[in-house]
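Structure in structure tokens, see below.
Order of writing sets the labels: A, B, C and D. Residues in every chain begin at 1.
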Amino acid sequence: MPEEKYFLSLSCRNRPGIVAAVARCLFEGGANIREAHQHDDVETGTFFSRIGFNFVRGGDLDDMRRAFAAVGEEFGMTWYMRPVSLPQRVLVLVSRFDHCLADILYRWRIGELNMTIAGIVANYPRETYQHHDFDGIPFDYLPVTRETRAEQEAQLWRIVEERQVDLVILARYMQILSPELASRLAGRCINIHHSFLPGFKGARPYHQAHERGVKLIGATAHYVTGDLDEGPIIEQDVERVTHQDTPDALVRKGRDIERRVLSRALAWHLDGRVILNGRKTVVFRD
Amino acid sequence: MPEEKYFLSLSCRNRPGIVAAVARCLFEGGANIREAHQHDDVETGTFFSRIGFNFVRGGDLDDMRRAFAAVGEEFGMTWYMRPVSLPQRVLVLVSRFDHCLADILYRWRIGELNMTIAGIVANYPRETYQHHDFDGIPFDYLPVTRETRAEQEAQLWRIVEERQVDLVILARYMQILSPELASRLAGRCINIHHSFLPGFKGARPYHQAHERGVKLIGATAHYVTGDLDEGPIIEQDVERVTHQDTPDALVRKGRDIERRVLSRALAWHLDGRVILNGRKTVVFRD
Amino acid sequence: MPEEKYFLSLSCRNRPGIVAAVARCLFEGGANIREAHQHDDVETGTFFSRIGFNFVRGGDLDDMRRAFAAVGEEFGMTWYMRPVSLPQRVLVLVSRFDHCLADILYRWRIGELNMTIAGIVANYPRETYQHHDFDGIPFDYLPVTRETRAEQEAQLWRIVEERQVDLVILARYMQILSPELASRLAGRCINIHHSFLPGFKGARPYHQAHERGVKLIGATAHYVTGDLDEGPIIEQDVERVTHQDTPDALVRKGRDIERRVLSRALAWHLDGRVILNGRKTVVFRD
Amino acid sequence: MPEEKYFLSLSCRNRPGIVAAVARCLFEGGANIREAHQHDDVETGTFFSRIGFNFVRGGDLDDMRRAFAAVGEEFGMTWYMRPVSLPQRVLVLVSRFDHCLADILYRWRIGELNMTIAGIVANYPRETYQHHDFDGIPFDYLPVTRETRAEQEAQLWRIVEERQVDLVILARYMQILSPELASRLAGRCINIHHSFLPGFKGARPYHQAHERGVKLIGATAHYVTGDLDEGPIIEQDVERVTHQDTPDALVRKGRDIERRVLSRALAWHLDGRVILNGRKTVVFRD
């Protein structure tokens, strides 16, 4: 039987003694630290850490949580402790373009993403995705118009609650969440969108990028906030383009960037490697 | 004696027969085509080409130019023909930060950049650059304030004219050229500046990028136009940054990107690989 | 109706007049050149070109082919002319790992790859790939052992012939083709394999790379020849790894590199952008 | 006055309690941990850590070292503790090609590399480097032939000892150190060399890479061991090349890769971010 691994993720106001207190608590509870990252944001005075551990002398997670609660209290920490193998429950929202969905499904299937897919919600009907094997994952068709937005979001929220969803992925969902829903999902809703140097506002961004003659196109995965496309960035990447690339070619290359950026952001989130830091994130990459 | 190589760079309205006419003219003038790139911008209906050739049957550049003039006339071409080995005359403008200057000087010295440095102009005095061996390159200290801008630009322009400058490089010059000067230097003045996803306006961009928590920083080399930082893009590149990077670290990494982006743009321009296409460029990369 | 586009791909011994003759023939046949790449390998004296064109004055492909045959004859060219939209017939060979297969199927489905999948052949049974929608593509289970190799390859070859296969893709097929079969498929069989700096021979290469502590891992797509893993390279790419990456993590990252390198090589081959040049290739990238 | 920062770098056999003991010792000595990286190599059972700290309650480095010695003893650690601002003493060895030297000198001058250059040793005379401002750095011309190798290395070693050199950089030195000298400099001599996928043995590697038609070329910075080009890898990078690149172009692009790979490896070594792990390294990148 492979030994169970755990991780602790925490943030708090920095002050002397945190690492010593955390390390002592883990040690006394029978844990061996296998991996540790920490970051001290000197501007905000905030301390972040992710610690991977296992039990070497008969320790137990429940006991450890109880013991650690005192440390968390002392330093005013936001923290959680999980078995690495415990999958998060993820809801995938998708629209007409299914390239990110296809990528996520494949990676989930072969075990790259430590999650249970609690559902797929689309504003297009099931037949749009007929070539995908959803393999028993619940599918909900929730069309949305300007008029039905509030109602559709209520249905969405019901699904989130009923299925105990830990994380919502906007896998090219192409709909803007209301500030209320965005706020309820703060820190547990990831979006992917195109990004350019320089940036472009408005419709048909790949066409704008083409007209501007950019030599790189990119994508950004970020947590959703009320401020569209402006939430804390988790991951970004770019690809080189040339004068030969038509707008269609930019869209095609954009698909590749979007899916790899989203899948990285997702994997890191699921592994507890991403911690919110105000408007930005601390990412302890693998 | 290594044989002399030449290149022809051209653009014109596209219509059938251009390639046939160009190829026949070169062939009849004794040239052998060694390398050819072409691009057809279907949106604007413009045709671009760069052709490298040598003479295999006793041809001669002057004769070829005369013969080609008829082709150029027929198709309404913008074109030029040059020996590859003929260096362009380049003026380098620099301010306090000398990382791009250092890089350009080194590459020029070892023969990577096919140019003669016609002068270095700085708004800081010579001692700022005391560790550089200017090796006889004329240096002009032209300080500039808001009040003396017009006069300083007049001096600059005199240098450009007197020294028959083909290309002006703003190697982190940190001064905005007046629309008049920018316009006079259209297509022969290259600037380098930082670029981000998303973009940031205003002062201290690396600090803004740090506050926003971006995961990539970049730089853009472009031709200077009246519209600051918005001219036709020649080259862009990025580098990965993390939550650990301080604003100073971003500035340091930015230096590396800036110098490699500028030196690539410069080398391609000098090789006749960059052709203007309205607000953008065609770049026949090496 | 969108106008039909065509391309001409050719190679021959270089000598003056090729471009002029080709351009004149295309022009006289009513074609307009939309895109052209050429390369002159000065070491071997070989000339390569790919020309995209359409008919602007009522031309016709069959007439053009007849007319071009004389040019091809005159210069001793290897050449072909195809409608861009005419899909090649592709046979995909796969083994236990299906990440490249999944990627190819998805890109084919959304129209990124201009091909008809003439069949999927695997040395594992159909249920191994149960989550994939083969959508009517013929599937053949051809298990192979050392003893049955010859017989299995005979079956494979029959499939290639009966289904008029233009291209065979070894999508992580994990079997070495016999020199005879490799030779019969010369220039129309693409393989993907891991690559490292430095290289490693023998079994479990990702484990070897891990033991050596490399900081980059990569993959190479190449044409298959009798000399395993040594055929003409079409495309390569790498990804950064660190001391934290376990051999399993290298394998996971390797999957991503393998699928993107293979899909690029495949797309370029299908677009006639790859031309053999002895032990290497000329790739007119998009 | 900006506060002084320090770092502790350590490795030892892993066992429970290391982090707790280290953190307690630092805390009790008045240190605040600002930054920490650790790595647990499960295959060899070795633990690695780099901890950045400052003193918040009147602590002192000498006292801390004394206190930490007991922890080091208890866990059998290899460790050192240094002020971040204390420069290492570096000897640069160079041969005919000076691109890495130029890069290192520039970065050192603008403060990117935390080192004192204790000397430059070349097997070419001073005039080879006449365009460089050595700025008072001692220069030694130590030509070497097969016959004088032993004697030359003795001179080299004398310089290393007399100038209390911490680190030797082979900045394209192009000479193979004897196993004896390599062994004496174990872990404190960094070399840079070209790398390819696949690798090439023997002379003129860029020409071999060109003949093989590779699509990527790269460079590797590694610690020197008796086994040439096979020491623990610190950093690697690659650049894309095409069929258009001549061997000369590969050499030119190789220069860029070599200098950026070497300068990164050097900066990380100087910051105590690189720890040896048998045949490989742990690199806590910035």
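The rule is short, and it goes like this: a contact is a pair of C-beta atoms (placed from the backbone, for glycine too) under 8 Å apart; a residue touches a chain by one contact, two chains touch by 3 or more.
Predicted, not measured: the structure shown is a model, and the values here were computed from it.
> In this assembly, which chains make contact with subunit B and also with subunit D?
Per touch definition, common to subunit B and subunit D: A, C.
> Looking at C-alpha means, what's the farthest chain from subunit A?
Relative to subunit A, the chain whose C-alpha centre sits farthest away is B.
> Suppose each chain is reduced to the average of its Cα coordinates; what separation in Å results between subunit B and subunit C?
36
> Calculate how many whole Å lie between the centre of subunit A and the centre of subunit B, each centre taken as the average of the chain's C-alpha atoms.
41
> Could you pull out the residues of subunit B that touch at least 2 other chains?
Where subunit B meets two or more other chains at a single residue, that happens at 35, 39, 244.
> What does subunit C use to touch subunit A in their complex?
35, 99, 102, 106, 109-110, 112, 130-133, 135, 244-245, 249, 252, 256, 260, 286
> Which residues, counting only subunit B, touch subunit A once they are in their complex?
These residues of subunit B touch subunit A: 39, 41, 195-199, 211-216, 218, 220, 232-238, 242-244, 277, 279-283, 285.
> Note which residues of subunit B are touching subunit C in the complex, please.
Touching subunit C: residues 14-20, 22-24, 26-27, 31-40, 42, 56-57 of subunit B.
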